[in-house]
Amino acid sequence: MSEIKELLVNTMEKIFKKHITKETVDLVDEGQWADDVWRILKENGLLAACISEKAGGAGGDLEDLFSLLKMGGKYAVPIPLMEYIFSNYILEKFHLAPTDEMITYNLSDTPNCTLSENGEVSGAFPHVAWGRYASNLVTIAKGSGGNYLVKVPLKDALVKEGANLAGEPRDYIKLTAIPVLEKSRIIDYEQLEEMILLETATKCAVIAGTLKKIYESTIEYTKQRQQFGRYIHRFQLIQRHIAQLAGETVIVDSAVDNMMEALVEKRHRHEIPLTRIRIEEAIRTVSASAHQVHGAIGVTYEHHLHHYTRRLWSYRDEGRGHLKWSQKLSRDLLQSNNSMWEFLTTY
Amino acid sequence: MSEIKELLVNTMEKIFKKHITKETVDLVDEGQWADDVWRILKENGLLAACISEKAGGAGGDLEDLFSLLKMGGKYAVPIPLMEYIFSNYILEKFHLAPTDEMITYNLSDTPNCTLSENGEVSGAFPHVAWGRYASNLVTIAKGSGGNYLVKVPLKDALVKEGANLAGEPRDYIKLTAIPVLEKSRIIDYEQLEEMILLETATKCAVIAGTLKKIYESTIEYTKQRQQFGRYIHRFQLIQRHIAQLAGETVIVDSAVDNMMEALVEKRHRHEIPLTRIRIEEAIRTVSASAHQVHGAIGVTYEHHLHHYTRRLWSYRDEGRGHLKWSQKLSRDLLQSNNSMWEFLTTY
Amino acid sequence: MKLPSSQFTKDQEKFRLEVRSFLQKELANRTFETACDSWLSGCNPQFSKKIAEQGWIGLTWPRKYGGQERSAIDRYILTEEFLAIGAPVAAHWIADRQTGPLLLRYGTEEQRSYFLPRITKAECFFAIGLSEPNSGSDLASVSTNAKKVEGGWLVNGAKTWTSNAHDAHFMITLVRTAPYDKDSKHSGLSQMILDLHDKGVSVKPIKYLTGERHFNEVFFEDVFVPDNRIVGTIGEGWKQGLAELAFERSGPERILSTFPLLEEIYSILKQQQNKEAMNKLTELVAKLWSLRNLSLGVAKMLEQGGEVAVPAALVKAMGTQFEQSIPEMVRLLTETYPTMDAQKMLDRYMAQSILHSPGFTIRGGTTEILYGIIAKDVING
Amino acid sequence: MKLPSSQFTKDQEKFRLEVRSFLQKELANRTFETACDSWLSGCNPQFSKKIAEQGWIGLTWPRKYGGQERSAIDRYILTEEFLAIGAPVAAHWIADRQTGPLLLRYGTEEQRSYFLPRITKAECFFAIGLSEPNSGSDLASVSTNAKKVEGGWLVNGAKTWTSNAHDAHFMITLVRTAPYDKDSKHSGLSQMILDLHDKGVSVKPIKYLTGERHFNEVFFEDVFVPDNRIVGTIGEGWKQGLAELAFERSGPERILSTFPLLEEIYSILKQQQNKEAMNKLTELVAKLWSLRNLSLGVAKMLEQGGEVAVPAALVKAMGTQFEQSIPEMVRLLTETYPTMDAQKMLDRYMAQSILHSPGFTIRGGTTEILYGIIAKDVING
């Protein structure tokens, strides 16, 4: 990472650290909107990261975007940071206008939403992230001749509130003949796949940040907690947990960095699925080890650990998960003429 | 277990302990026949266990048989104990005459061996246990109208020597128009399955004995070996291995006992596959943990550990293994009208 | 360690079906909803009343105390059926599993006649007061203390992680009746029955990570405990408590907490006729089958009075890892979207299992502590 | 710890293909047979000669010592290609990986000019003498001692588990040059180059569990080591040895020992067009991909002079568990009958992998020791 990037990350982290406390994150569980966090991130231009300046964004490259997403994961940011940024990023990438209104998205490789001839969208979506707060939805609609990326207003949508395991809004949204605000040209299968790849990549970055937070926080705990008259990090069985936490965290961190570079160099077709598949084990190991080390205190609402572990348990089942990515990668491997070693060493 | 049974087991164990040393087991790797062991077990009537007295056997029930097989596994007995006993057991069960000549068997649910009208057997078998030493082979041959259990002499067979990972003879045997010594009536699919169930059950007993030996021997080692000035059983990470070894050993022991009782009560259709499937994990965990605890000394030929671990690694891939048993059980589960809980609690 | 195998008698089979059909009827009548981890987090006093009406609390206890004098195996069967269907039996669980046997072993006649009949009628629920804010796994370090006064003891201190203390009437409390002696860490501890509604007792909820109220901190400020509420012998509290551990550790609740999820995925895979996933499921079934054999073997051995410390601790260590692994395995067999209020039962049981799982390998002795106990027992014996 | 990512330059890619095509040709010519764990158990001095002829031993070393002055990443690529194809490079492995860098860092000019060119020509193989019969993981407790005499040192004692000492010419030996001091366990140790053909040295084979000769006990009876064979500073042996550990721990040989088996099962599953098994295989591929990124990241960081003790130890701890898991995973994907002389490559690689696996998590630092090292480093820093 260049020095200027490091400076940027440090500045970001200062803002997150100052404004996102346990109590702020609790707001999500209480069904409240963390307006301060939203306002401050917006004021600091963080919500416009990686949107070009000509489209009203703050500029920056993919590396900045990923740093921000990791930070969002690390602080369990109680607003739709990833959803807002990703929606706008996709809009710009497909030549629609980003917005500074609240926006979220829903992506599926088998869209169950239609676009009529006169530009009206109808369809239903389960589990739309932060849907109740959003003014707009980005999604794929099946229209004449193919699929379109559309931006739809939500003020006339039917919204039924729901939540994921972390208490984050995941709302059922039904659209009945809602006129689109904008639509793209026809999107082919590869373009749709590309969007889903990108979505998965952003999720991986968020998860990497969350894993890191759990790791750091658990290490800290082992330095403070005593049992049988010793700090618990001195017990071999705790050391084993520490080593496993460190291992999974550094593996995912390095996987996400490599994935991000692959994305920059447009050779990410396999790197994103590989990262996503590998993250599965990290989530399992890290959440289990962290809770085991924390003991009873870690399963209380008072302690902050669950804000991160519940998010991991939620995120792994949202969007295209490891099962589907395994099948996808598996198909490519079955059709490949390369050896495994060639697959791993050819870019 | 009744007191008389316990006495029997203790007597058996004394014989095994006295006559089966590391050096005796080494003979197998050296390609030698452990004649002393064979002679002594025979003299003590152990090779005729569970064969009825009227068929020239020593009597005894399934519990005795399983105790003997466990003992065979525990001492890595360097002769075809299980093969000899099982062959004769099957012969008697299907109304053919047991023999006191050396005998082995080959079973497959898709026999690739034919029985001609004039009673001659032709076919080839890979990996026949101790084939080079056997005078007779028990196997299934496809004849007119169906499958038959046959006893075939091996003196005119083509034998190519081979070995499993433990160095035990596993020979390629080819029969060309060899006249059978005896054949059964036509054997139907259920009867064939029943034979394979029985074979799997006997293997499970042998494996249970081998697991127990590794467990006991590893515990002993942790009491003798010092590192960093302490006995290694005092280190938490070694204690974790000890607990896992104890857990897998006691689980398999109890599974085999339950399986054996089910066999006695003829409700073993699922108990044998369940035992065999569960054993898979025990082999993996026990062999890995035992080697890890022993460190470098445990991978030397000088140490006895490998005689047991190599046998486990061999046995798990012989006969019908966990993959096929999983598929079998899976088929039953897919067709069942019971709930899982009914499946587990109904006999 | 040779354990008995897991056959049941005809009468036992009959009893199982009787319990099962009762529970299925109650389920159909919506008296309760199936849930994972219901034995500890499903506190429903009304439902416990119904169980009491069947005579199923204190099943093994003497008739003169309201029990049925049935065998421990009958009780094992009863408990299994509760767990398999995910019934909310937490209200009376501790009193039935721990308090009853403790009083039958160490209690006075007065204590037995007073408490046991009330427990069997589900009129009297118990909590356990062991852990303290700073003790964690190191139970010998408890510092809640009782000072001798005229006619009884004055208790000061606090207990934490006491499940369901807010619904319980009494608490078996481990207190220090003599100063801590580092050379004899386990001496000087005693067990007392504390009335949770007494003056000086305050119960403060600790929210579980799901936001549900589940366990509590309980504070004592000069709480007077009369002499007749001491259990057993003063100073023998540690030993008395240990004696019950094998029962607590080896029960079916260390294997079956997430069973409803396993049952549900089985039903789904059958509907799908999904061979590939069912092949994988057989491994879970084999694990469960063998753990259950072990747990049952320990139960039978306990009834015969055999030594079972190691296998009992093994059931807890291996069983809780097994129940914890079920949601992680199930998610490899089908796609799920776990939420606590999901319509699809699979998703709901997944959510319950995932969120309650972390506790399985912590409560009642962490896996790490158990490994040490098992290894020491194996080495010494 | 932020590690560099694993991109290669065009030149590096070219070099990889050059190595690969050389090895494939040799394989086709039957110069060697692919085998698992060949980097440590495949000792073939003739093959090492061929590698030397390519200039591929001491690839990174200064030209004046016979090296090519290539980058550590080039060497990483070279090593990976050896491992991926399972080439028998054990004869020169230790000299190339450890002795060369050690002498370049701590050796005298005379030692460098004498040994390095010979190593690069595959004329001179090295072993390492660390463990002793009673030291095991506790290396600080070594007791082989060297006494100062006129012009050198007299060495007495024994080393054990020295891989390939029977094929090596010299051994870098850790000896005690000052009495053991329990308050400063790591002081008083020194590194010396011992000629294995010297008077007083005897090499006794220790058979591996496969029956193969692989490691040895080496005994010293008044072996004279001249002063010019001391490496670095007397008393600094522990520190000098530690400095190289990151290289030793994080290399591709901690991930790829069983790679030929993975390659073979991939080819079989493709032939079978076995979707179900291939789905499972993607998990192994993702693990390997991520471990390789980590290992490469450490290699790049090392070249930049960064601090990598923790991630290097993590590569060893996680990587060796991964390579050990491959045979266990492969057997879930297809039926196998592993034997050492099987015709089917899958069965042969399975046998090699199963029988050699136990050593992976023991040699070069047991997993248990690594966990402690990692945890301590993490906690302190």
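As written, the chains take the letters A, B, C and D, and residue 1 is the first residue of each chain.
Keep in mind that, in the parts below, contacts are C-beta pairs under 8 Å (C-beta built on N, C-alpha and C of every residue); 3 or more make two chains touch, one makes a residue touch a chain.
All values reported here derive from a predicted model rather than from experimental measurement.
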{"item": "Contacts common to chain A and chain D (chain labels)", "value": "B"}
{"item": "Pair joined by the larger number of C-beta contacts - B-D, B-C", "value": "B-C"}
{"item": "Cα-centroid distance, chain B relative to chain C, in whole angstrom", "value": "40"}
{"item": "Euclidean distance of C-alpha centroids - chain C vs chain D, Å", "value": "51"}
{"item": "Touching two or more other chains - residues of chain B", "value": "235-238, 240"}
{"item": "Per-residue overlap in chain C, given as positions that touch at least 2 other chains", "value": "368, 371"}
{"item": "Chain-level touch network, classified as line, ring, star, complete or other", "value": "other"}
{"item": "Partner chain C, residues of chain A touching it in the complex", "value": "29, 126-127, 162-165, 167, 170, 225, 227-228, 235, 237-238, 284, 287-288, 291-292, 295-296, 298-302, 305-306, 309-310, 313, 316-318, 321, 323-324"}
{"item": "Complex interface listing, chain B residues touching chain C", "value": "1, 219, 222-223, 233, 236, 238-240, 242-243, 246-247, 250-255, 257-258, 261, 265, 273-275, 277-278, 280-281, 325-327, 329-331, 333-334, 336, 339-341, 343-345, 347"}
{"item": "Chain B residues within the chain A interface of the complex", "value": "235-237, 240"}
{"item": "Partner chain A, residues of chain D touching it in the complex", "value": "1-3, 5-8, 16, 80, 84-85, 259, 262-263, 266-267, 269-270, 273, 275, 278-283, 285-294, 297, 310-311, 314, 317-318, 368, 370-372, 374-376, 378-379"}
{"item": "Chain C - residues contacting chain A, complex", "value": "131, 136-138, 160-161, 206-211, 215, 324, 328, 331-332, 335-341, 351, 354-355, 358-359, 361-363, 366-368, 371"}
